[in-house]
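All chains are identified by letter, namely A, B, C, D, E, F, G and H, in their written order; residue positions are counted from 1 within each chain.
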C-alpha cells in the first residue's frame, strides 16, 4: 500500500487565532487520530493553547496513547467531549456576565461544551442551570433572577426548543440559542429545536448550529469584548 | 364544450353524521361554488345542520348569490372563514369545559374556526384568550386560572409554537395543539409550529393538522362526550 | 482526566408529578447509565413510582447491575423497553375505557409501551388488538365491537398508517394516533404514517410524536380524568 | 424586439404514438397558447387524434379562439381540464375491465382526467365511484362488488390517501394509486397521499405521480393489452 | 424481568392469502427471531407456503438454528435476503411474460428479490438482465428484443434512475419501476431514483416503494392474472 | 353575516416593551388593515413609538387612508416595507458601533429593514455597505476597514450566503447573519443562505430567521447595551 | 413618505467583468424597474455590453418605457426572458464547439437563455436541438452525430431529467446539465431533475442550479477558453 | 441454502471505456468482496487498467486477501479509499492545467480521491492546496497565484461551502465544486455545501455529487481534452 503524504499539505490557521483574539480550536470528529496528534504536537511546539471539540472517548484514549508524555498536558472531559491544553488568562470584563441554561439532563454534553469553551476563552463565573425545561416552568421561574441581569444567556435545548422563547421573554440580555440533537421522531437530529430558535416570537434571540456549544461560546465572547 | 355530469356521482356522507353524533361539515376550498351550492341545497332539503370551513370571502359572496332565498339561512363569518346553517342543541356536559388560547392576533382566524365549530357542535361558554404568546409570559400567567381547570384546552400558535409546551405545563387538562401557518422563513406553512407540538417535552399534548381548528373542535367534543 | 460534576446541576421535576397527577417518567435514551441510576435512587428515596421508557436491553442490564439491591424493585419489559417501579392505584373511572389497536406485529413494542404506561398510570382492563392492519380489513371489522364503545382508542401503525382513518370511521370515541418508525423507503422513520395521522380525512383523530406510546397513554388518561 | 424562431426546433414525437399504440397526448401547462395551437394544427393535418391535459379554462378559451374553424373539432371538459380531438376505436378486450374510485368530490378533476383518458385510449364501460373515502367506510363496502372483479382499479385520493390500502385489501385486481394534491398542512401538494400509496401495507399497489390521472390511464391500458 | 405475552395477540392473515390468490409473505426486518420462528411453525402446521423477505444473513442463521428440523424445509438466498418454503404451482399464463432489468450489479439484491418472489408466486421463465444501465446504452439496446415483447418489465435502478424512462420508451408492455437505495449524496436512500420513476416523461410507468422487489412481483402477477 | 368581535380579545404587549427596553414592533403581514389601524391608534393614544414591519405598499396605502389625520405621524419606507411613528432617543453607547453589509442590491429591502429598525431603537451612525458580494471580493476587501472595528456587523445575503463566513473571517466583532429569500432553484426561500450561516466555518457567527432584518437589529442592540 | 436613497449605496461590479473576461450580466427578478433602469443607464454611459436575465414581459415593457431613447439599444426576447445591449466579438476558438439539447418544448425558455447567453459571450454556430426527450429515444439517436463531437453539450431537462445520463453516455465531450422547473408533483420546482443530474451514473456530467441557462453558458465559455 | 448464480448476469461495460477514452472505474461500496474480486480478475485478464473508489480499509484487506498473487498489482490508498491497477499514459495537454483546493483537513479524503483519479486518467503536475478555508482568507489569498492561471480548479469543501464562490471570484478558469459530507447539524451529509455550490453568485461554477472526487476528475479531463 502507498503511504499518503498529507502533512506537507496542511496549513494550520495559527494566524487566525492571533488576528481575532480567539485561541485555536479544532473539530476532532472527521479527523484521524494521527492528524489530531500532529496538531497537538504543533500547538505544543508553539506553546499555544488548544481546544479539541467533539472528541469521543474512544479516539480520546487513542490520542492520549499516541501523544506519550504530551498526554499529561491534556485535560479531557468525557461529558462535553472536549480536550484542552492551556487557556487564555481570565478577563475581568467577562467575569459574571454569562449564563448557560439547559432544558434537560440529556442536553448536558452540549451545555458543558459551552461552559468549558467559555473557560478556555477567559470567562469565569459562568452561571449554569440544567434541567429547567418549560414543562415544569417553576424550575426556571424560581431561578430567573440568577440569569436575568447577565448580559448574555446561552440557552441549550433539544426536543421542541420552547426554552429559547421563554428565556428570551424573561431576561434583558441577548439569548444565544443552541439547538441540540436530543429527541426522536420529528425532533431527531435537532431540526425541530433549530426551527423553534429561528422562528422565535421573542426579539433578541440569535442561533448557532445544532449541538454547537463551542460556537455559542465564541459568539458570547465576541459580544462582550471590545474589538478595539 | 361537453358538460361534465358530476352530481350523479356524489355520495354525500349523511350517515356518518348520524352514526358518530357529529353533524356534517364540508371543507369548502378545492370545491367549486356549484358543488357547494348543491351541498347546501341538499342539507336544506334534509333540514340538516351544515358547517362549511375554509370558505374565503370571494367564493362566499358567490355562493350566497347562487343560493338565492336560501342565503338567508347562512351565517357567514369572514374572520374564521366559516359558514353555518343550524347547529346542535347545546349540551350540558360540554358547558364551560373547553378553553381556546391563541398566541397572536394573526392566529385569530384559526382560533375562531375552533370557537365557531365548538358552538356548532353544541359547546357553550368557551373561554377564549388571544394574544397570549410566550414572548410576554405574564399575559398567559395572569390569566392561567381562567383555563387551568378546563378539561380541554385548544392551543393555537404559529411561528415557533412554544405556547403548546408552556400551556401543557400549566394546566391539568389535555392540550390539543393547532399549529398555524403564521410565520415566514423557517416557520412558513406551519412546519416549525407543528414539530414543536409533536416534540413537546410536556406529556399530554396531542396535535391536529396545521390550521385545522375544526378538527381540534371535533376531537375536543369527542373527548368530553360519553360514546355510550 | 477531569471529573465532570453534573449531579449538583440537576433539578428533577418531582413537583410536576405532584402538580399534574401524572407520576414521574424519564426518557432513558440519551442519558448515561450513571444518570439513570441516580434518578432511580432518588425516586426510591422518595418512595415515588417511576417509569423509564426507551431503555434498551443492554443499558437495562447495566442499570440493574449498577443498582444492586434496588434492582429487585424494577420490573423491566424488553419488548416495550420500559422499566417500572411502583404504579398509581387503579382508578375506577379509567377501567375498561381504553383500547389499543396495532396494525402489525412490528408495531408491538410501541403498542406495549402504551399498555404498560396505562397500567402504570392507573388504567386497568385495556383491550389490546395487534395485527389488525387494513390490508386484511376483516381482522379489524370482526373485532370492532370490542373497541367501538371505548371512550379512547390508541391506534398504533407504521408503514402508510391507513389504520388511523379506518378506525376513526368505525368507532365513536376519540382516536389517538401513534405513528411508528416501522417501514422502509418512503416510510422510514415514520414520516409517512405521521402525515397520514395528521391529514386524516376522519374528524376526531389527534396525534402524538412517532413511536411515542407513552405520550399517547398520558393524553388518554388526561382525557378521561376530571381535572377538578 | 427580436422574434424567437422556435417552431423549426420542435421534433414532435408522432412516431412514439405509432410505436407504442398509445395515441399522442400533450401536457398543456408550461406551453404557450401559440405552441398549443401549432400542435393542434399539426395533429389535424395528420388526421391524428390528440389529447391535451392540464389545460385550464382561461388558456382553453384562448386556444379555441386562436384555432378558428378548427375549434369545432375540440371537445373540452373544464372539470378534468382535458381537450380531445378524435379517439381510438373502442376495443373489446378493454370493455368493462377498469374501475375508477375517488375518495372525495375534490378529487373529481383527477378522476375525470383518468376517465376521459381511458375513453380516448379505447376503453368503454368504466365504472366510476366518487366520494367513497374511508372516513365513511360503508360507502365503499356497499359498492365493493361493482369493482371487486375488475382487472384494474384506479384509486384517486388526496389528504392521507388511506383509500389505496383499503381498496387493495378488498379487490382482486391490481390497484393503480393516483395521489392528488387535495389537502392542506402536511398534505399540501399531495406528498402525504403519495407516501401512503408507496408505503401501502397491501401487496399489489402501484403508483403514478401526484395528480397524474392520464398516466394511470395509460398504465391501465398497457396492463390489459397484449403487446404482441 | 417480566415475560411479555405477545403470541396470544397475533392475528396472522391466512385468510388474506386465500382471498387474493397470493400466498403469504412476511417482512422479516423489524421482527424478532422468536416471532419469525413462530410464524414459520404456524405456516408449516397449515402446510402453507411462506416467503420471508428482508432476512439478513445473521438473523437467518439464528432462525435456522431455532427451527431445528424445520430448517431443512427452508430455501434461503443471501443475495436477495429471502427465505422460501414451498411455492405456488407454475401457471401457464404467467410463463415467459415477465422480464426483470437492473441498472447495475449493486441493484442485484433487489432484482433477485423480484425474481425469487415471482418464482414463489408461480411465474417461470423470467428473463433477467443485470448491469444494463444507461451510461452504456448499447448494453440495453443490444438486448432490447429479449424484453420488448414481454407484457411486464420490472426495472430496478438506484442512483438517478434514468433506466425507467429509457426502458419505457423502448418496450410495449407496462414498466414497474423499483427504485433502489443504491447511491450516495443526493441519491442516498433512493429518493433520487424514486422521483425519477414518478416523474418519468414516458407514459405507462408505475412505481413501488424503494427496494420493494417483492411488491413489484406481486403487482406483476396481479396484472397478468384474470381475477375472475 | 355576523360581525366578529375580535378587538375585545386582544392583549397587546405594551408591558413587554417597557420591561425589555425595546419599544413595540408589529409584524404587519398576516394582519388585516383594520387590526393594524386599531394598533396604530392604540399606540398613538399611549404616545408610544411603534414600528410596523413587512408592510407592503398596497396595505400601507390602505392603512394610511384608514388612519385619517393620524397618517401624518407615519413615516413609511417602501423599500424596507417599514412604517414608524416616533423612535427612541439616540443613545451614545450605540453610536458608530454597528455596520450593515449586504451581498447584492436584491438584498437591499432586508438590509434597509435592519437600518431603519436600528434607527428606531436608538442607534445612529450605522455604516451600510451594499453590493459587496464575494463574487467580486475586492469590493469587500477595499472597504473592510470601514467595518472591521465595529462591535457588531449585520451581514445580509441570499443565494449561497458565502458572505457570512468571509466577513466573519475579516472582522473582529460578532457577525449577525440575516439570510434572505433572494434566489431561485436550490436557494429559493432562503434555505441555502440559512444553512450557510448556521454551518459557517468561522467562529462567532450567529443567525436570525430568513429576511428578519428587524430581529437582527434587536439582537445587535441587546448585545451592545448593558442590561443593568 | 420618506424617499429611500439606495443609489449611492450600490457598488456595481464593473471590475469583475474586466477581470474575468465575462461581460456583465444582471439577474432582473428581485430588482425594481428603477434599479434596472439605473443599471442600464450606467452600462450605456460606460459603453459596456450588458445582459439582463429573468426579465418577464411585464417589467420588460415597463423598463423599456422608462429608458426612453435608450430603449432602442435593447434586444429583448420574451421566450428566454433576456435583454441584451451589445455583445462580445465572436471568438474563433468558440465557433462550433458547443451544443444545446432540450428534452421538451416546455424547456425551451431555459435552452434559449443558454443560447442567447452564449451568443452574448462570443460563441457562434451553437447547435440547438429541442424536443429530444428519452421517451422517444430515436429522436436523440437520429441526431446524435450533430452533437457527439462538440466539446461541450449543455443538456436542459425537467421532469425526471433522464436526458442528462443518456446524453453523457453518447457524446465524448463534457455535459453541463441544466435541470428545469418543468414538471408537477414530485418534479415541481425542478428537484427531481436536479438530483438526476447530480446522481448521474455517467461520468463527466456537471450541474448548475435549476433553470440557470446563463450559468451553464458561462461555464461552457470558461471550459473552452484558455485563461492565460 | 441455495447458491445465487449472479456472475453469468453481469455485463461489464468494457466498451464504454474504449468509447469515451476514460478507462474503467468501479464504485466499490455496495458490492460484495466476491463481486469486486471477480471484477479485478476480469480487468487483469484483459490487461485493462482499473480504479476502485469508496473502498474502505476493511473490505480492501479482504479483497487483497482474496486476490492472492494478483494483490501485488494493486495500489491501495487508505486516505482516499481508492485502489488502482495501471493507469493511462501521462498526456502532455493535461500537464499542469489542473488545481485541487480543499477547505479543511477533514476534506482531504475527497480531495485525494480527485488527485488519485486525475493521475489514473493521465494528468500530472496537479497543484493541491489543503486547509485553505475562507475563515482564514489569507491562506487562500497568499497562494492564489498558484491556481489562478490553471484552466480547471476542483474545489472541495463541506460545512457551508463558501470556498466555491470565493475561489470562483479569484481565478479565471472554470471551478468544479465537490461538496463534501463533512459537517454536523444543518451541514450533515453535505446538503449545505451542495446548495452553496449550486446557488453560487459567481458565474462559472459547476457541481458534482456530494463526496464525488472521482466525478470531478472525470469532468476536468473531459473539459481539457479535445474529443476529436
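One rule holds in what follows: contacts are C-beta pairs under 8 Å (C-beta built on N, C-alpha and C of every residue); 3 or more make two chains touch, one makes a residue touch a chain.
Just so we're clear, the structure is a prediction, and the values are computed from it rather than from any experiment.
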Furthest chain, CA centroid comparison against chain E: F
Listed pair (A-F, F-H or A-H) duplicating the B-C contact set, over half by residue number: A-F
Copy pair chain A, chain H: interface residue numbering same or different (half cut): different
Interchain centroid distance [CA atoms averaged], chain B/chain H, Å: 56
Gap in Å, rounded to a whole number, between the CA centres of chain G and chain A: 44
Rounded Å distance between chain B and chain D, as computed from the means of their C-alpha atoms: 34
Touching two or more other chains - residues of chain F: 16, 135-136, 169, 185-187, 194, 198-199, 203, 209-210
Inter-chain touch pairs (all): A-B, A-C, A-F, A-H, B-C, B-D, B-F, C-D, C-E, D-E, D-G, E-G, E-H, F-G, F-H, G-H
Contacting residues of chain G [partner chain H, same complex]: 16, 20-22, 25, 148-152, 169, 171-174, 176, 194, 198-199, 203-210, 214-215, 218-219, 221-223, 226-228
Contacting residues of chain F [partner chain H, same complex]: 103-104, 133-137, 159-162, 164-166, 168-170, 183, 185-187, 191-203
In the complex, chain C residues that touch chain A: 1-2, 4, 6, 9-13, 15-16, 27, 29-31, 35, 54, 179, 181, 189-190, 194, 209-212
In the complex, chain F residues that touch chain G: 75-80, 105-106, 108, 112, 128-132, 135-136, 138-139, 182, 184-188
